[in-house]
Amino acid sequence: MLDALSLLLIFSGLAFYLAGTIGVLRLPDTLCRLHAVTKADNLGLGLLASGVLLQLSDPLQMLKLLLIWLLVLAASATGGQLIARHALDERPDQRAELPEDAK
Amino acid sequence: MPDPATLYGLLGIVLAGLGVHAAIVQRDSIRRLLAINVMGVGVFLVLIATAYFGPDQDPDPIPHALVLTGIVVAVAATALALALLRAFERSEDE
Amino acid sequence: MTPGALLYLDLLMMGLMLVLAVGALYARSLRHAVILFIVFGLVVALVWARLRAPDIALAEAAIGSGLAGALLLAALRDRRRGAESAPRSPAWQVVAVGAVVAGLVLLLAWAFLDLQGERANGPLADTVRANLDVSGVSNPVTAVLLNFRAYDTLLELTVLLAALLGVMSLGPQRPPMDAAEPMAAGLIGWLIPLLIVAGSYLLWVGAHAPGGAFQAGALLAAAAVLADLGGRREFRLPGQTWLRLLAVAGCAVFTLVGLAALIGSGVLLQLPPDWAGSLILLIELFATASIASALFLVYLGGHPPSWNSREGHPDA
Amino acid sequence: MTEMLIIAVILLGASLALALLGMLRQRAPADRILIAQLLGSNGVGLLLLLSLLQQQSALLDVALVLAVLSVVVVIAFTRGRKEQHNA
């Protein structure tokens, strides 16, 4: 039962990872690809990590898993911003397509 | 079914070969440094592959310790080479 | 688990490594080449994990990719724009060298496959496992590094020190970076304590699980490099004189312990089994500090600015 | 369970490889930096699955270090460029 639930979570996580990859391959510009990678992969990792969590018995390891997920979440949010700004510095033309308050 | 140790070992040899080739063919010194580092990874890969005995068996710890040492020495050598390069470029500017 | 079941994963990872290596070696733009090399290092760390070498995966992620990457990117920043693309050898040389190297690779591959038949989990590995109780630690890699082959590790610390001396004698440090924009600074601000905690954890856990002085030192050095990237070189770091002292301390403590063992047992670096655990922890503590400060000082790329005035010829 | 985990690991590896190769086609440097971010999240997932599969809890530590270091790499990339513009 636990195994089945765990696998369900892991495979739903995989679906999000795959969606992120398809986004990377199909989306037209850097900012969209950035969006695909950060959003899909964070959800994917969250689901996958909860699936793995069910298989662990040591509370310390569970805590570590939670820490890893929070870290990736926070890091990709800020890291994504940094990369986006970097992309805009390099391709100022993309800035024109942004909504007014994001410039 | 090919054994992963054999596959990764062969890849290590190929990577080392690519590193040697690029180290000779490339003229740019930073590129040569990259090449020497890729060569090193190839050698490490051969070592770790020979230490691997399947998913259920503990690997041989001695090559692991060797490679760990090797990684630190490689980065120290890279740093020294980059400092030499910088000193050289500075002296060329003068 | 059925052997060979992960074959498809292996093939994927091998393909990736090859593509990234070729990219890192032959990319037209040097900047792309460096980025690809760093990404290559991250993939290699995954491969180490796959080959049951977590000790090395930790070191590769921290040193092979992180620190080496920071060094190379700093070197790129130093370069003049015009020096971006030095010429490559003429095509006939590329092909000729390629043919010779291909021959060598085939020869080596043949030798490797020939030896592969009689490969066994060697007698040395059995010796290590049989003597693990007297080593003072239960992680076999740490036992080899700090007890059975302590010579190698002592000499390795010396190599690191020699590299540091070389770097410091070659010229002044890079000027500090500008202060980072608020968002990057915020990210750096909470990553640094996390790296310090993770480093201390790896040092402690190294006695019985993957981790130890090298990984811990590398993470601490990464924390210092991050502070530098944020434009705050002196941010709560020990002063540079202290860093230099710490860089020597690892070698010094290691040598002293080795000499004490020489007096006690008549053999240099032969740790007494009852004390080995605590002595290894002592050595590792100082080795961690040494590795961290040496790697950071090496990253700074020269001697401190205060030395210029003392020499009387400021070279800027 | 083990068979399903192996399938999951291979799928995740394929996703990682495809995304990396797709990213390599892009010319913009920002896309290359995105690769580090991508390796952070996908690599961490791969390591978690491998830790279950190989019964090696140490791979959780590797996952943690990979997650932190991929952010360090992203910062080093983005900082690097800024400095070059100012120079």
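We just call them A, B, C and D in the order they show up, numbering each chain from 1.
The rule we apply is simple: a contact is a pair of C-beta atoms (placed from the backbone, for glycine too) under 8 Å apart; a residue touches a chain by one contact, two chains touch by 3 or more.
Note that the structure is predicted; figures quoted are calculated from it, not measured.
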Of all chain pairs, the one with the highest number of C-beta contacts is B-C
Centre-of-Cα separation between subunit D and subunit C, whole angstrom: 19
Centre to centre, by mean C-alpha position, how many angstrom separate subunit A and subunit C? 29
Starting from the mean Cα coordinates of subunit A and subunit B, work out the distance between those two points in Å. 31
Quick check: what residues of subunit A touch more than one other chain, meaning two or more? 71, 75, 79, 82, 85
Two or more other chains touching the same residue: where does that happen in subunit D? 16, 29, 33, 53-54, 57, 61, 64, 68, 70-71, 75, 77-78, 82
Give the residues of subunit C that touch two or more other chains, as numbers and ranges in rising order. 1, 6, 52, 74, 76, 184, 187, 191, 194
Just spell out which pairs of chains touch, all of them. A-C, A-D, B-C, C-D
Subunit B partner, complex, touching residues on subunit C are 1, 3-4, 6-7, 10-11, 14, 17-18, 21-22, 24-26, 30, 33-34, 37, 40-41, 44, 47-48, 51-53, 55-56, 59-60, 63-64, 67-68, 71-72, 74-76, 78-80, 83, 85-89, 93-94, 97-98, 101-102, 104-105, 108-109, 112-113, 116, 119, 121-122, 124-125, 128, 140-141, 143-145, 149, 152-153, 156, 159-160, 163-164, 166-167, 170-171, 214, 291, 294-295, 298-299, 301-302, 315
Can you list the residues on subunit C that touch subunit D in the complex? 1, 5-6, 8-9, 12-13, 15-16, 19-20, 23, 31-32, 35-36, 38-39, 42-43, 45-46, 49-50, 52, 54, 57-58, 61-62, 65-66, 69-70, 73-74, 76-77, 177-178, 180, 184, 187-188, 191, 194-195, 198, 201-202, 205, 209-211, 215, 219, 222, 225-226, 229
Using the touch definition from the top, list the residues of subunit C that touch subunit A in their complex. 181, 183-184, 186-187, 190-191, 194
Subunit D residues within the subunit C interface of the complex: 2-3, 6, 9-10, 13-14, 16-17, 20-21, 24, 29, 32-33, 35-36, 39, 43, 46-47, 50, 53-54, 56-59, 61-62, 64-66, 68-73, 75-80, 82-84, 86-87
Given the complex with subunit D, which residues does subunit A contribute to the contact? 3, 7, 10-11, 13-14, 17-18, 20-21, 24-25, 30, 33-34, 37-38, 41-42, 44-45, 48-49, 52, 55, 58, 61, 64-65, 67-68, 71-72, 75-76, 79-80, 82-83, 85-87, 89-91
